[in-house]
Amino acid sequence: MSTAVCPGSFDPITLGHLDIIERSTYIYDKVVVGVADNPAKRALFNIEERVAMAEDAIAGLGNIVVTPFDGLLVGFAKENGAQVIIKGLRAISDFEHEFQMAHLNKKLDGSIETVFMMASPEFMFLSSSAVKEIAAFGGDLTGLVAQTTAARLERKLQE
Amino acid sequence: MSTAVCPGSFDPITLGHLDIIERSTYIYDKVVVGVADNPAKRALFNIEERVAMAEDAIAGLGNIVVTPFDGLLVGFAKENGAQVIIKGLRAISDFEHEFQMAHLNKKLDGSIETVFMMASPEFMFLSSSAVKEIAAFGGDLTGLVAQTTAARLERKLQE
Amino acid sequence: MSTAVCPGSFDPITLGHLDIIERSTYIYDKVVVGVADNPAKRALFNIEERVAMAEDAIAGLGNIVVTPFDGLLVGFAKENGAQVIIKGLRAISDFEHEFQMAHLNKKLDGSIETVFMMASPEFMFLSSSAVKEIAAFGGDLTGLVAQTTAARLERKLQE
Amino acid sequence: MSTAVCPGSFDPITLGHLDIIERSTYIYDKVVVGVADNPAKRALFNIEERVAMAEDAIAGLGNIVVTPFDGLLVGFAKENGAQVIIKGLRAISDFEHEFQMAHLNKKLDGSIETVFMMASPEFMFLSSSAVKEIAAFGGDLTGLVAQTTAARLERKLQE
Amino acid sequence: MSTAVCPGSFDPITLGHLDIIERSTYIYDKVVVGVADNPAKRALFNIEERVAMAEDAIAGLGNIVVTPFDGLLVGFAKENGAQVIIKGLRAISDFEHEFQMAHLNKKLDGSIETVFMMASPEFMFLSSSAVKEIAAFGGDLTGLVAQTTAARLERKLQE
Amino acid sequence: MSTAVCPGSFDPITLGHLDIIERSTYIYDKVVVGVADNPAKRALFNIEERVAMAEDAIAGLGNIVVTPFDGLLVGFAKENGAQVIIKGLRAISDFEHEFQMAHLNKKLDGSIETVFMMASPEFMFLSSSAVKEIAAFGGDLTGLVAQTTAARLERKLQE
């Protein structure tokens, strides 16, 4: 059985993330969405909220589990029996950072391969931080995140 | 009458910004310099100071107004009757971020178009943050910012 | 009256070109589609065919003329009373070449400004050469070029 | 059974290609090396020679077949029962071209996914054309191509 | 005597930095490793620790001195009789930032030239921040930093 | 004595090339301008003309010799006692190609180092091919090439 890990902060999960996750399920038997719990990176949502939003967003898609992780990504992949880390590529800045991470992960564990899928054109310029900025100014989130995510964002910003 | 909005933090305004603003006045009837008042982004100068520096720097150029704004840029453009957002492009990192913003703004309001002008070669590598770093070390700001801006920077750094 | 020149080889014109041309008509009073007749650049279609395809494709859009040109682009812009050259930007390779051309054109005639619009996401990866390659292999051109263009391509490839 | 197509001109196959092909066999059950027979692209080696060199170079690796193809890549993938096209990414120029091809292929056949692996650091700057240029000047090909490929290159250049 | 300054934060020094420093000693008579003491940039190690780690790491290499500096880099270069600032280039993001700094330094002092060496392939994706992240998760630092640096990192993270 | 080779096609030499060559003489004792005689690359000027134009253009600058070469660049560097190959970097496309060449040259001869200088802003977008295109259309070459080069270009284009 082929298993792929799809890691990220998912703060919050966007339709761009979901597109990569869904396409991954067509070519891997199982996809583990790994939500990184990295205290050094300040997030708007805490780890439980980010996992919950991801679970709500993938409802209806098969062969996916959402799991929080801390520590090294290659260790998390191994624990989940994954041979592959899958990442979406959007644009140049992604490309640089993702390549750096892929090479370092290869150095840390040569048996795990990172593969990249390009973002679909309509999500090429979408990011979690852009979503948060638009939400903070009361802009419309349709077409950017799932409805359940939009609802949570609104509630969070009213806190 | 064609109106263009030229938005930015202008913390502080540089000769690179002024070059784009001035060139914009040759192809649009009116240019609104929009100074973003974004509390999430830490600025050296407060919004009043940034507006005042921009106004001093454009003195002598016609058909320009300087206006602070908060909220979404597309809303600000609409309120000012602008069909166009104009941005200067310097280099790769700009390019990525500006493209992302342009696509999101298009998604938020399809009637506003973002157009880009390339920075003049002598300003290709100039940024507000570089100016602040040079000023902090007592470097010469000639050719980087207007004299009135340089004077304010010196005063600010002595505070 | 504001006039913009939208130059290219248009060998053939794609839906990506048409998107930029149409969006230009919303912010300029008149758009001149300049079809470059550059004998040094080998084209599949001759200049008359490329002009005819562009004219067919813009049928129904207002305030646009299609005109062939040879010689320097800045001279062509001036003859047409244009203050502005407008170009679509798709991706990094475009960016480099377009910036080089913009700077050289500025050097050749400082009164003409080049402005850029980003390609719409769905056309971000579309090019005339990709269209010709797909057509040569009998692939489906729907969503890539206008129907009249697709028909001409098919006929041309049967010659 | 998961099948991936690894396409290219392979004129000639380099150690960089082989690295991607071998790593692909670890995550897919079968890898089809598709050697493109595109008459519009001038190659040093003809299609039979390029297939033969690839076959020599993969000798000893399991689960790989080498097959020439003409026509659209997505058609070739489908004929071979592949769900995935796998490409190596080296650097920026690759990135742009590969993204364009991936998006067009997705448009031509939505059921085929393109995934990317990054080149190993030691092959990040290796290309078939660099290999041919070095060979033409009598430079050492060790570490760039397989020995059988180097031998064929030498013979070809003496023709 | 030709003298080059090799500046950086070195928080901590990596094998990628050492590769550039060592290669610099082959083409310059003397190399000054300038450790930037910039209070605005938060570092894991203080300036004394960063200097000490660099000194430990270069032990055995000739014609190198390690010196802390604050203030403008061009002033530091001049004080050390250096005509040249030497920087390693890894990838696109570096390239942009390094070009900006080089142009600004040229503007601040036209007599100092910045030259670039490309990172060796095996260090192309290595950075101090990646090293710190791996260390924080208990990953193996072999091949990324010198042994003396790895030991200091471990002690620091246990504080 | 430090010797640097500054290689290129120089078809024709531009003010951008001359800027890099002149700045190289400030940090190396001797600069060898290597004019590549590569029959596979079609040039407007033959090798004798390209050497002559370069010699005319550097007249008045000291410590420079102009020498044609064929074969591998690292061999040419070694014959001239050079430890260093110096290249100007203009923009992204340069960067990729130059990095590839630098890595391959390092692989072919580890004792030769390639160092890069960034183009001065005013020459950032200048290339020999742009110069030839402008000349072909009768554009003004002032500020792009030396006067002696402009004169030769005009004569050549009248042939």
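Read from first to last, the chains carry the letters A, B, C, D, E and F; within each, the first residue is number 1.
Definition applied: a residue touches a chain if its C-beta (ideal position, glycine included) is under 8 Å from a C-beta of that chain, and two chains touch if they have at least 3 such contacts.
Just so it is clear, the model here is predicted, and its values are computed rather than measured.
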item: For subunit A and subunit F, chains touching each; value: B, C, D, E
item: Which of E-F and A-C has more C-beta pairs touching across its chains; value: E-F
item: Contact-pair overlap exceeding half with C-D, pair selected from E-F, A-D or A-E; value: A-E
item: Farthest chain (mean CA position) relative to subunit C; value: E
item: Geometric centre distance via CA averages, subunit C-subunit B, whole Å; value: 30
item: Distance between chain centroids, defined by C-alpha means - subunit B, subunit F (Å); value: 38
item: Residue list for subunit C, restricted to those that touch at least two other chains; value: 92-93, 95, 99, 102-103, 121, 124-125
item: Pairs of chains in contact (touch as defined earlier), listed by label; value: A-B, A-C, A-D, A-E, B-C, B-E, B-F, C-D, C-F, D-E, D-F, E-F
item: Subunit E contact footprint on subunit B (complex, rising order); value: 91-93, 124-127, 130, 134, 136-140, 143-144
item: Complex interface listing, subunit A residues touching subunit C; value: 92, 121-122, 124-125
item: Contact set on subunit E toward subunit B in their complex; value: 40, 71-72, 75, 92-93, 95-97, 99-104, 107-108
item: Contacting residues of subunit B [partner subunit C, same complex]; value: 2, 23, 26-27, 83-84, 86, 89, 92, 95, 99, 102-103, 106, 113-118, 120-121
